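By written order: A, B, C and D. Residues from 1 in each chain.
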């Protein structure tokens, strides 16, 4: 079973040379730390920066240079700043190659819910609805089950949706799954996790085709 | 050269009134029109509709207007980080319309550029699209979203000149440029009002035609919301 | 009766302090030379410049700085350059206060035809259709009649339209006319031109209300 | 940093083929991709559809492609100044679609930004709107115009870097920025390819994400169409 860092490490393997990547808040943000060093990747943040670097050194932070999580950041050579319309031109226009974001629920047809829980304070969707409606390549990073032990990979999402039929891949603490026309296709098991464990934790249609390899992290 | 320069924030906010609709630039607390917000607090105008990506924090940014119960409705994409906001929203005192961030940007840009509405894929199949026209183009579904209408846009730039030309810095740019010219009157406050002719005509982010009033801002606090650093 | 320069001089009187103005090719271009010197006006050209100045001195022309007529120009302090989308945001978004352009025909309801003569080589509308569809304040500069002596102020345009119901004012070699709901309202006569002369030269509905003053140029 | 740099115009034009649709930046002869056009002439690709505000003059710009009868269709707003163009159009060899200049710009921008279509007032009530959907918003009529689809966009910038970032000069900017990222592959040629990090991130007109290939252009002629001067 993976922890959050494990999930981030596994997703980092999906990042390919030449990719522009948008990382959501939470586990997705950690992915940046584990991308192979021999490939070139640029990180976009929807508040208006391309070519984000690491956090600034203590004392060098600039209030005018932040990411979409409102964290102070730095930029790398080749970076650029732009306005919000241009930023979403990159996203809506499918110039960003990979979007990684967290979710509360994913359904077997690729719907995602990650912005609202009825009855609780709603903070808003931020850029998530634009990202999921536009990105061609969306990977969800999340725990396989919620704190009560209920599956987050469902037949149908119970929470208000963020987007429909958009998720391509899900990486959880238990497994890597591809969203196909027939449901969640199990691709890999987390270390020490059995196919049976994954079956039990998955409410949506689970497709098990032949031997399922263990992840190589 | 048509001068847009006014002497101070008081002159810049002439005509501001109760029940108006405002656009306010900024993302989080980054690039917000601090001077205009402070003056709106002083003027104590009420019943406002504010179009702004975020709603500030409890004691800064739009949180200051929320504190005085000056805002009737917020149109935003993300409103966390603000307890008073949550209280007013849950009690029903505050009306909140949450819309996707890219939709918010483009509804501003539509107003700026004279487009009545746009088709965006964002929010299709979600409650954001409820009651809205949807339409298929090339096998993909889109939602029709209308241009905003606002009385004033308050934006904050790094540098500007009397012609109204603006240059922004870093990610403090964000929504500020798309709000310029998107309201009946655009008020720009700048960290540095430079002599006309000093800005390179090639490097102006917003030409002065989109700005009606410009003034030299004072005492910027530029608060950081999430100070994240690494050690040397 | 006015010559082209006279028409330009009369239109220049319509330009007010603080106006952003877009000038079409031909007579409209001449207007810039006769604007009062005690007011501030900025000229926009739709290829992407605001704050145009005079032509450059011989030897100082720059191939990268031209107007929509492809003429080499200069810029004044406070000028800016921008892309074509931004340029038409200024126009479509009604940020340009006054548009002055030539026409082949204008109808009594404000339609304008100025881009195409069937059977002849069509050069295109350039930015004219965007300008006339968006501008709140459009003044047409043209001769009152064509070379054959036929009126260019018509009940209905005979040529393919550039825009519908958009012209607010027409300044010709004979008169200044306002386009109203009831037709062309005669405002001023050119020096030495009688109301009768204008009647004869106007096919569209002409409204003559009281004494018509002579222009003061 | 993701490098977009290619060594020369030949590499930049790999994949270019007969019957493709191209976008070409420039207004008149100002800011046109001279190197790409010259190479297209050499490659002698035929049956092209070219989206470009103008069609060059007889012996320069797109006129060079017209001369070789390489263009099947032009989508432009203004095509004067070109005798060979007129001859081919009147003889029926060349198909011409004339559209308003602002519509042309925005149909490019729609493709760049992922919008399927836009509503513009330009052309309403004229033959440009014939057969197109029209619609009223707030008492004003608009025409629905669709995003362009193109195989290659050829643009010309003043400065650029290997990351694909571009800066334009003066009115040579024009349609170039709105065409970046509006085709499957955007090829940028620059007068000066500068080291990565030299361009101010705050002053980049087009971020590299919108550009797939960039190369150092050679021997720019930058011809002036209407040399207008005054005497000292």
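Just so it is clear, a residue touches a chain if its C-beta (ideal position, glycine included) is under 8 Å from a C-beta of that chain, and two chains touch if they have at least 3 such contacts.
Note that the coordinates shown come from a computational prediction; the quantities given were computed from them, not determined experimentally.
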{"item": "Shared interface partners, meaning chains that touch chain A and chain B", "value": "D"}
{"item": "From chain D, the most remote chain by mean C-alpha position", "value": "A"}
{"item": "Chain A and chain D: spacing of chain centres that average the CA atoms, whole Å", "value": "36"}
{"item": "Whole-Å gap between the CA centroids of chain B and chain D", "value": "33"}
{"item": "Interchain centroid distance [CA atoms averaged], chain A/chain C, Å", "value": "55"}
{"item": "For chain A, residues that touch 2 or more chains besides their own", "value": "81-82, 85, 88, 91-92, 134"}
{"item": "Set of chain B residues in contact with two or more other chains", "value": "109, 114-115, 120-121, 168-170, 201-202"}
{"item": "Contact pairs between chains, per stated definition", "value": "A-B, A-D, B-C, B-D, C-D"}
{"item": "Footprint of chain C on chain D - complex, ascending", "value": "27-31, 53, 76-80, 86, 89-90, 98, 100-106, 108-109, 120-128, 158, 168-178, 205, 222-232"}
{"item": "Touch list for chain D against partner chain A, complex", "value": "1-3, 109, 111-115, 161-163, 165, 181, 196-197, 201-202, 204, 207-210"}
{"item": "Contact set on chain B toward chain D in their complex", "value": "114-121, 137-138, 140, 142, 146, 167-170, 201-203"}
{"item": "For the chain A and chain B complex, residues of the former touching the latter", "value": "45-49, 54-73, 81-85, 87-88, 91-92, 111, 121-130, 133-134, 160-165"}
{"item": "Chain D-facing residues of chain A, complex", "value": "18-20, 40-42, 44, 50-51, 75-82, 85-86, 88-96, 134"}
